[in-house]
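In what follows, structures are represented as structure tokens.
Across the two complexes that follow, subunit A remains constant while its partner is subunit B and subsequently subunit C.
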Partner chain A sequence: MTTETRSKAPTVWSNIANYLKLVSESRIATIGLAMVLFWIIVGLTSFVWTPQDPNASLGIPNRGIQDGFMLGTDRIGRDNLSRTMAGTQVILMKTRIPELSVGAYLLGIAGISAIVLGLVALPWASDKRTRQKGFIGLIIAAVLIPIANIIANSTGLNDIIIPKFAIPVGVAIWGVAGSLTLGSTLGLIAGYRGGTWDQVIMQILDALIAFPRIVLYLVVITALGQGDLVMIFAIAVTGAPGVARLARSQALEIKSRDYIRAAETRGESIWYIMFREILPNAIGPLLVDAMLRVGYAVFTIGTLGFLGRGLPPPEPDWGNMINLARPSFGQAPLSVLVPAFAIVTLVVGLNLFADGLNEEITRYQK
Partner chain B sequence: MSNNTNDTAVLKCENLAIAYKVRGGEIEAVQNVSFEIHKGETYGIVGESGCGKSTAAWAVVNFLGSNGYVKRGNIWFQGQDLVNKDGEELRKLRGNNIAMVYQDPMQALNPSMVIGDQMREVLTVHQEISEEEATQRCIDMLEKVYMPDAANVLKRYPHQISGGQQQRVVIATALLINPALLIMDEPTTALDVTVEAAVLDLIDELRREFDTAIMYITHNLGVVARVCDKVGVMYAGEMVERGTVKDIFKNPQHPYTQGLIRAVPKLGANKEGSILYPIPGRVPAPNARPSGCMFAPRCDYVTERCRTEHPELRRVGTDNVDVRCHLTEEIDAAAWVPGDNIDVPDLTKRNLDTEPIMVLDKLQKYYDVKGSSILDALGFGKKRHVKAVEGATFSVPKGSTLGIVGESGSGKSTLIKTIIGLEQATGGEATFLNFDVTTDLAERDPGLIQELQMVFQNPDSTMNPSYTVGQQIGRPMERFGTVPKDEVRGEVMKLLKQMRLGENYFDRLPRQLSGGEKQRVGIARALASRPDVVLCDEPVSALDVSVQAAILNLLLNVQAEHKTTMLFIAHDLSVVRFFSDNIAVMYLGEIMEIGPSESIYAPPYHPYTEALLSAVPVPDPSAIQKHIRLEGDIPSAIDPPSGCRFHTRCPRKAMLPNNGKICEEQIPPWQEGADGHKIFCHIPIEELATFDPVISAPNSGVAV
Partner chain C sequence: MGRFLFRSVISIIVTMVLVSILLFVMLDPRDGAVLVKILGIEATPEQQESLANQLALDTPIMTRYLDWVIGNDWRAERLIGSDVVLLEDPRTGDSSWWIDEGNERYIQYEVNTDGLMVPLVRQPAGEYIKEAPVDLWETDAEGNKFFWGLDAKGRGALWDDSGATEFISTQTGWQELAGAPVDYIPIRKGVLRGDAGISWRTSRSISNAVYLRAGNTFKLAGLAFVVVMPLALLFGIIAGINEGKFLDRFISIVGLIGTSTPEFVSGLVFILLFALTWSLFPSQSADLIGTGLKPKHYVLPVLTLTAVELGYVIRMTRASMVDVMKAPYIRTAIIKGMPYRRVVLRHALRNALMAPITIIMLHINYLVGGIVVVEAIFAYPGLGDYIFKSAVFGDIYALAAAAMVTVIVAVLTRLFGDLAYTLLNPRIRFS
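This part shows the complex of A and B:
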């Protein structure tokens, strides 16, 4: 109690420390966190060391436990343990950018800028005071891609090729970050602004939710081809409506508080109110939800891999491993069970962590 | 063991201590509480929030939750020990004989069940009776609590009746089992004064008729004075004084009781008599209680002995009063003067500018209502409106305070929301320093926005939980550029100091503040842009009386210093009395009476003002207050009554010819009295002036 008088302004670090304290108070969250950390460590280790080369056929195909192959080999003699370890990489650790032309980069950057600009301009556009500014922003966002396309085609940019490379953090995480940005902006506008904006935004998102998820993924992947970036896009788009719903319900509740009235009577912009006044108080549930979503994404990537529509080779993909080992399950069950175990423990770990944290937060608020 | 049980006591608590188990230990919420309640007696338990009043009640009905338990002492109910009994027997004993009524009636009612079913269930669970008989008994009981159209109410859902009626249903349900003991925990706190008055009358009557023992928990001393026979004052988990209401109000002996009485709004005959004196400091948390007298840190008379030796409850003098204080005999309450740590407002009449800073002319705000029929959905339905504010006309002199008073739903909040631009006016004119203020905020100039700021009602939602005090007070300064960026911190510190908050509050988060402190920050934030006008929407109604007084005095001093103009909403007339230069009384969207504050509290009264005044609970059992009760509920603001909007409930209408036919047909005239006092009524002002004053107290028999 006495420490209260000496408390400092909250910083990012003290917030994180707070959350960690909460986690440590919940057994479920601690177990979940341990499971997730286990896979993060395994993934990091796999960059520098695996028992065998994950992509080389070094052993006798479809064998069980043997010397040098602790968890057996798959149908072409690769080490299950090494492949499962390396499978963590594409999901959590790195995203592979393929070989692309400068023109394609230009288009990509224009696309991302259009989305970001659109997300920034949309709140302005829904605000009476700044409507004009917002609509101008939306128009600019809409013409960015065609302009980039013209530039790329009319110059030689399409011929200059940049070799492939990887960026940090895996597909599942980028994808969920995408749905979080997209979904929470739309949800905050719908919830805070209400009226027509709410109806239009939520109608569109509800239509999206009505589609079976896996069909949505397959449509996107079939249209754009397999690849890490496409998977991120698919995860972001399919996840956004759910995030938006949650953000909207949070905004609806928070907007009735008096401190929002106070901000309004200071003439704050809608952007300030949404992101500085409402979002910090809605972020807890959104982050917990995001953690669950990373779990879903891992699961979905696995399912898609199983359907042969997952992440491209050469890096191993758990779902794909299961799919390929399926015909010889009777001979070499470990080739199916080991990656399946990996998916299950990572997903369950994320779920436990999110649930435990959520429970602890709600109890803390009471 | 039962030889010390008094047979006539329905409830007797002896040295009761109740503890809650919490993480890392336990909290003793209640200690050393002893009292007894007899048949047909109403026993009041008063004290600030956090003093353990509700905990004591929950212990009796065993609602302490999974982590609470009676740690020491006894609870005797009709001679049977409740603490050492368990299981079914206990449940039965309590279920058949003890009933409880809470603050929020909706807590006791099931929203998805019609009222009839809920009430009948109480009877059919406990005894074998037929459906018809049960229905008849429910109707009888509802009629006893003056529920209009009782048979019909049984068929409705809880949300289809008003808050006051819901509370009556709860009370009627509680009485159905004819309990020996009725526990009421702030049963009228959520209600309007006018409804509260009716419910209090009811409680008084029921006690006489049914001979029930009532344990009545409240923070409002006025209510205690009206309904209780005896009272126990609780402070920090202990009972510090107990006795008959008459004795305690006449001669409060414990410094805490004295402080409470000085802090409650009164409706005395003069303005000085209505000054409020706060009790400095706040109730200590259960785990931070001092070792000697609990009240020592806040007491004006504290001595060394108080800090070390815990006082016992002891009989004092010849009155039947027990007090927990070492020095009772030496304390002379009449000689009390406010200490240096209390702001006392300066009541010398200020010379007000006559030049108005804000002028409203027939300002009107209608809300559209969405119908539910298909036609409405298609947009062909008849357009309907909630007529929330109609024809508001007044001007506010620069630097003055206008108090706005009225029942819930009378349009007070809507009026100031429209002025500040949270809502757009639908008609009429309003100007502030020659700016038009009928538009909403999106169309206002930043310069104008800066000049009008607002203080809100609910301390728990007035501050953003994610930012520190300093950040929140500093934000308006940054936004409007009132001070250069590098001086913001210093300026915030200055404001904090004015709010009597130390510099160490700068980095605190809202959850580390008490309700009163949050309100202070809210006020500082409103003042940060140096506005000309501050609009206050019930800024003290959610606070304890002792804190309430401090905030009101603070606002007054701020006003004196900054020459701020204020519009101040309150729901009853006792709060705004010494505070306002002018007062407007609103009913159903219209102003009924407006004028200098003195003129509102003395005849001529508008009939509605008269009714409001006679409903305010006065913390003085010897005061004689006119008994006027309004019938029925506030009508719907969608179809307000024709002519005078008050005519459906006006107790004075009958004075006019034809039982006041004119009131139903014609809009009343504005009649002018002295000093700009105006009354909106058909009864000639000369006749209104002949009414007796509402409160003819041998003023404040209270020795403070």
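This part shows the complex of A and C:
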């Protein structure tokens, strides 16, 4: 090995790229990827073209296959095919930010900053050398939201309304990204630090993991109301404990390796060790887990949509489509079966992708 | 072993405390949304304020949390100055609080238009008779008249001579009532003593409903468990010993599709086939609390749960079986000429079943979650249905209490899983 290659330590991204290269070697993973890509292409297409307007009642209600409506119409005469195509958008393609006041934005930004600052400060606080810095960070994180609240209420910011708009990438993906960020940071601290940090963090996460998933979703949605952002929050919170457990077990295994000892002896910061030494080596299982989690998220968004507690209208949502078509299932089965097919194939695709990738990664490690 | 149990119990207690705080803080009604839900959108701000007072929503969250967990009957007793007891009304089966004056005499109070207290004396059949009005006013340090008692709905109530009005719900809508109390304590024993108060949605005891419905849900979950486990273990083992062959791929793919099909899709398809087309089994089991569910009501819910659960457990068993079949001692057993059947049954199976047992235990958590959806589809009167309806209404105390039950089930099954694993695995048992 030359010195040049040694100086290039693997990073999280280079390792993810390496693992993704394995996909082509596994038939299962390739099939899974193809199924996922199919829905991504369908979703992208639906932005520019659908056979009919997905939100307009153009046909005769509850009819089967007919001219212009390839997969029938729903109970108010909207095209099933167009609606199912457009249903990909809210899950994978875009997140709708509702009409909110500047004050609400300020609160939201303060909340996100508080979480990020907390995640940055927590590892520092767990290290003797940077303990002071860490605790100061945690205190600042704790007062950010109250300060934002005071500013928003005392000024006229609550009256200035920003119209609604959409940001790229869908609810399921943002949610899983959130649970990865939260979960892996907490899990790495718990696993690498051990001791009291481990016990306290895992005890809090155990309280979250004890909820049946759908019950926790219902609680979060009851508390905060329906909306894309609430759904992202719910997915992130529900998924974080599982990710943390996985990251923790990986950190426990990796932390006794020689290169971690070497980094500790060099006096590297806890951040460097956690995210440049441990995380790149733990990313494989986390990546596979994240694929499965996107699948769970799609499944759960569908379930909540069916229960009438999912993503808000007017954009079509698969679960909600099935819920609306339920009373007339006998006359127009396609209105249920088409969105159901979408959910099943997307979830199966993500599962196959994850399984195949997992097989290749474990083979690669042996 | 003793230390392990002790630590587990401590951890469970801490978890439950954290969960209850989390639930309470998250569900705390910050705005008047729930008041609008109960009163309807035409309610005036005065009516909403009165209701918030009656439900004690105007007290600090800390007080409400403690009231919810450890109850507030002791607080009411101190204010009223005599014991209060919870008595069941034999006519409706609901319970109400009464002041216990001894000698089987139980009373509540009403204040009449002359500003005098009318004792309502409970009769054995559950109704009350009014006695002659009496003057029970007390005077505080500033000379204001006040009186703490129980009102006719069994709530702790503070009257003063300001003549407040209360808006009460009747058959015809919301009515104003003069001579009403100015402050209320909705008395309950607290969840620790098995009383979570009165549901806002149904106006009946939460604990009774949760108890009844949890029983129904456990029946459904138990049936599904009994159907799923043997099938899943069998198919998982068959797939595991045929790793990579057609049979394995077939079982795995069918299982994966089953797991990836949401309960509401398979449930609807089963309803279409078995209930609507062939009329074999009923599709709804609604409102059968009390009248009892017949076996035929269970068929479709159990079938739906089986479809979604089977694949998951198959997957776990298969993975574990594959791992064991690669172990050196299995290879040794095969090489030394032991019959393949004996290798699988005597050596592989025992070790392969270890991992699924803990995972199956963890999986009960997931099963309870899936049941929420299945109960909603089939209108099955279980806990999941209750959780869902309470969540839609915003009935936070009912939702929190029912969610606590699911969490307790989850934590206890995890403990049993850990115990089973410890007992079955000699390496852990003897270390």
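Convention: the second predicted complex is superposed on the first by the 345 of 366 C-alpha atoms of A that agree within 3 Å, B and C clash if a C-alpha of one lies under 4 Å from a C-alpha of the other, contacts with A are read in each partner's own complex, and residues count from 1 in each chain.
Note that a contact is a pair of C-beta atoms (placed from the backbone, for glycine too) under 8 Å apart; a residue touches a chain by one contact, two chains touch by 3 or more.
What you are looking at is a predicted structure, and each value in this text was computed from that prediction instead of being measured.
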item	value
Touching partner for A:F329 - first (subunit B), second (subunit C), both, neither	second
Residue contacts with subunit A in the superposition, subunit B compared against subunit C	C
Which superposed partner A:R257 touches (first subunit B, second subunit C, both, neither)	first
Subunit B versus subunit C as contact partner of A:G267, first or second or both or neither	first
Touching partner for A:A207 - first (subunit B), second (subunit C), both, neither	second
Partner chain in contact with A:V143 - subunit B first, subunit C second, else both or neither	neither
First, second, both or neither for A:G302, with subunit B first and subunit C second	second
First (subunit B), second (subunit C), both or neither touched by A:R129	first
First (subunit B), second (subunit C), both or neither touched by A:I41	neither
First (subunit B), second (subunit C), both or neither touched by A:V220	second
Touching residues on subunit A, where the partner in the complex is subunit C	203-204, 206-208, 210-215, 218-223, 295, 299, 302-303, 306-309, 319, 322-323, 326, 329-330, 333, 336, 340, 343-344, 347-348, 351-352
Complex contacts: residues of subunit B adjacent to subunit A	285, 287-288, 420-422, 440-444, 446, 449, 452-454, 456-458, 461-468, 470-472, 475-476, 479-480, 504, 507-509, 512, 522, 525-526, 529
Residue numbers on subunit A that touch subunit B, as the complex places them	1, 4-10, 127-129, 257-259, 261-262, 264-268, 277, 280-281
Subunit C to subunit A touching residues, read off their complex	11, 14-15, 18-19, 22-23, 26-28, 256-257, 259-265, 268, 271-272, 276, 365-366, 368-370, 372-373, 376, 387-388, 391-392, 394, 396, 399, 403, 406-407, 410-411, 414
